[in-house]
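Order of writing sets the chain letters: A, B, C and D. Residues in each chain are counted from 1.
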Amino acid sequence: MLTKFLDFFGWARANSPWMVHYCSGCCSLEILALMGPRFDWERYGFMPVPSPRQADFIVITGLISRKVLPVLLMTYDQMPKPRYVFAIGSCAFDGGPYYDSTSVVTNVPEILPPDVFVAGCPPTPEAILEGLLEMKKIIREKREARAEREGTWKEILKQELEKNPLLSQQPFFVGG
Amino acid sequence: MFKMFLFSLKNLFSKPATLPEGTEKPKQYRGLIKYYEETCIYCKKCEMVCPPGAIIFTYPEDGSKRLIFHYNPYLCIYCGECVRACPKPGTLVQVEDTAPPATAQDKPNDLWFEVEKEAVESKKIWQEARRKKRNK
Amino acid sequence: MGKKFVVPFGSQHIAIPEPIRFIFTTENEIIKSVSVDFGYVHRGIEKACMTRYKYTQVPYVVARVCGLCAVSQATAYCMAIESLMDIEIPERAKYLRIIVHEMDRIHSHLFAIAHLSEAAGYENLFMRVMRDREFVMECLEILTGNRIQADYSTIGGVNRDLTKEVYEILKPRLDELERRLYELKEIFERDYTLQKKWKGIGVITLEMAQKYNAVGPVARASGLATDCRVEFEYLPYKELDYKMVLYQEGDVWARNMVRLDETLVSIRVLKNAIDNLPEGDIKVKVKGNPKGEALIRWEAPRGELLYYVKGNGKSVLERLRIKTPTFSVIPVMKELYYNQPYAFVPDITISFDPCLSCSAR
Amino acid sequence: MKNFEEIQVSLSELREAIKRFYKPEEWHFITINGTDVGDGIEIKYFFAAYGKSKKVKAFSLKIDYNQTIPSIRDIIPSAWIAEEELKDLLGVNVEGTKGGIFLEPDSPQAPLRKEVKNG
């Protein structure tokens, strides 16, 4: 009986995954195209929300630079569990064309491993939608997010905060 | 405001703009790279021109000339520069498919980092083998 | 004299599409001082183009500077190298470049309009503009093979030809888009809510635009006539009945209307270009390495784009400098916030159509 | 082929020259560009004429790595952004810049210098 009831939560979550819109690269345009009427992701229950506090998953759109990494990790830190990571674009994979640049984080999959990764430069909305449906399955089966299991993001965030204590004094910051 | 309201009313009764699931892609899409080994001359021009380094050749241990082609669809930016750089037309072809979404089980990045390491190491072994062959 | 509050805006914020950070000090909701930090997406493209990539590879890398104006970046770089190496490209390639470049402008402007209407709380209009934008996105995909990163221009010409079948698909779509855009213009001109929300907000006067060197639609909305398509003749815009759009008001509404009118002008140029496409090759072969220095000023969707290239006879450039349009409007944006109520900040910010991943490079 | 006019100035006359030349109604200040040429840094101030005149002018000067250049933001108020960039990416000392807009403190400073290697 109890397990059935818990299943209900997975089903409910999977049918209304909300996203925090975290844009850092040019792939975020295709996410906006998804919001439009032509690809219409709301028919599957996806929705952008303004605050990470309400979000179920975060989208890494393209590259992550060093300066933006603490912002990303803090945004992720503020999300309630269970939380999932969705990454699109070659830059999120290995830095893409900037793989030897000194100011781009090339090991994002180690720091914050995505649960679903969609390739492309940028991927088409159809491909992103396919990936999102894949993630719906993961939420449905209540698999643990990969970032919680094997990511090193907690240590990295701690290091970043030690390096730059001003970050933690932001009005909306709650450490975790 | 009234005009917009009229448009909205009209939209209620017109055909939806949303593409239904499983709509076919336009034919001209630039997608994955396909490799046909029969005509390859192993000049490695594609490896040199690729901006993100999504094409890597590893070297066989026995020192033969047939290099092994590796291609990472998740790193590729689909610019098509390798196809244009290829001196033998037909060896590399750009098709319309895209890479399927990768989940945690696939771990494409870990495998790829191994290939990158292997390319450096196997080159040394290959050169050694070549030298031995030549000395014979 | 009220109490002072410090309000951070960004770097992760729902109203702005990309990471930029403003720290406003407000007094009774009126902004008294601003500090701005914008280099969140710095990724060293210039350095990579100066150390690792050959000059023939660079067009594909600089296209990734920005998603919305990817075509402009690559085209501007190619034209800079062509003027440095004295390459004359075929007439057909010039027309094809105009076609793709104007399509890029249309989708970028429509995106900005949609985003601005969403910030005004007009979700219905956002959906409508995004729906119209898909017409041109599909045209781009059919013509170039990708919706955003076209990778169309290359040094010495373009990569793909416009075939007969593509022409058959493009033509009706553009007609349909034009009809819908005229409807849209009527809405923007007449709508009561938008007039209330946008008219007289965030006014940039002509003197201010000149003093802070504004570019692109921001400058043209204030009556400052600056448009590189008119000033320089790299591509045959004159033959295609191109006219500059000028508004005098300088407020949020005028900036929006400049963008909307420019899309209409672009469609006219586009149709003329498609109909009068000359026959011939699309590419010339390029030999040798660049030597010397050249610059190009080019009109990207957001304004003036500067590419400065310096070569020293090797295959890797010695210097590549990209000055993107948003980089130039940040000073006037910062100045505009003074003595404005905090509630106007999202509207003013988005009316500039900021692209920070451009300006940080 | 060079397609712009270049005027050589020295470090001491730079401010005076720009002050005499620049009129906001006629000239559009584009940007400042710095190039590491091996034995110093070449700095160019680009201006373009409004209207149909197709003119681009550049004031250029060459400085040593540790020389300080004067700020021009009281003449051209929008120049601060380009000066901050010079300071961050090329390590040029410009009066009145604070730095740190583009780079993190722990990443290599002045990445556009020739001695800084990528990767």
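The definition used in the following text is that contacts are C-beta pairs under 8 Å (C-beta built on N, C-alpha and C of every residue); 3 or more make two chains touch, one makes a residue touch a chain.
Values in this document were obtained by computation on a predicted structure and should not be read as measured data.
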Intersection of contact partners for subunit B and subunit D: A, C
Of A-B and A-C, whichever chain pair has more C-beta contact pairs: A-C
Distance from subunit D to subunit C - Cα centre to Cα centre, in angstrom: 24
Centre-of-Cα separation between subunit C and subunit A, whole angstrom: 28
Separation of subunit A from subunit D, taking each centre as the mean of its C-alpha atoms, in whole Å: 39
Interface hub residues of subunit D, defined as touching at least two other chains: 102-103, 111, 116, 118
Set of subunit C residues in contact with two or more other chains: 39, 42, 44, 47-48, 52, 60-61, 64, 131, 134, 146, 149, 360
Subunit B, residues touching no fewer than two other chains: 17, 29, 51, 77-79
Each pair of chains that touches, named by its two labels: A-B, A-C, A-D, B-C, C-D
Subunit B-touching residues of subunit A, taken from the complex the two chains share: 37-40, 43, 90, 93-97, 99, 109, 113, 115-121, 123-124, 126-127, 130-131, 134, 138, 146
Partner subunit A, residues of subunit C touching it in the complex: 8, 11-12, 14, 17-19, 39-45, 47-48, 52, 60-61, 64, 66-68, 70, 111, 114-115, 127, 130-131, 133-134, 137, 146-149, 357, 360
Partner subunit B, residues of subunit C touching it in the complex: 53-54, 57, 60-61, 64, 124-125, 128, 131, 134, 138, 141-146, 149, 151, 159-160, 166, 183, 186-187, 190-193
Interfacial residue positions of subunit B with respect to subunit A in the complex: 16-19, 23, 25, 29, 51-54, 73-79, 98-104, 108-109, 112
Contacting residues of subunit A [partner subunit D, same complex]: 66-67, 99-103, 163-164
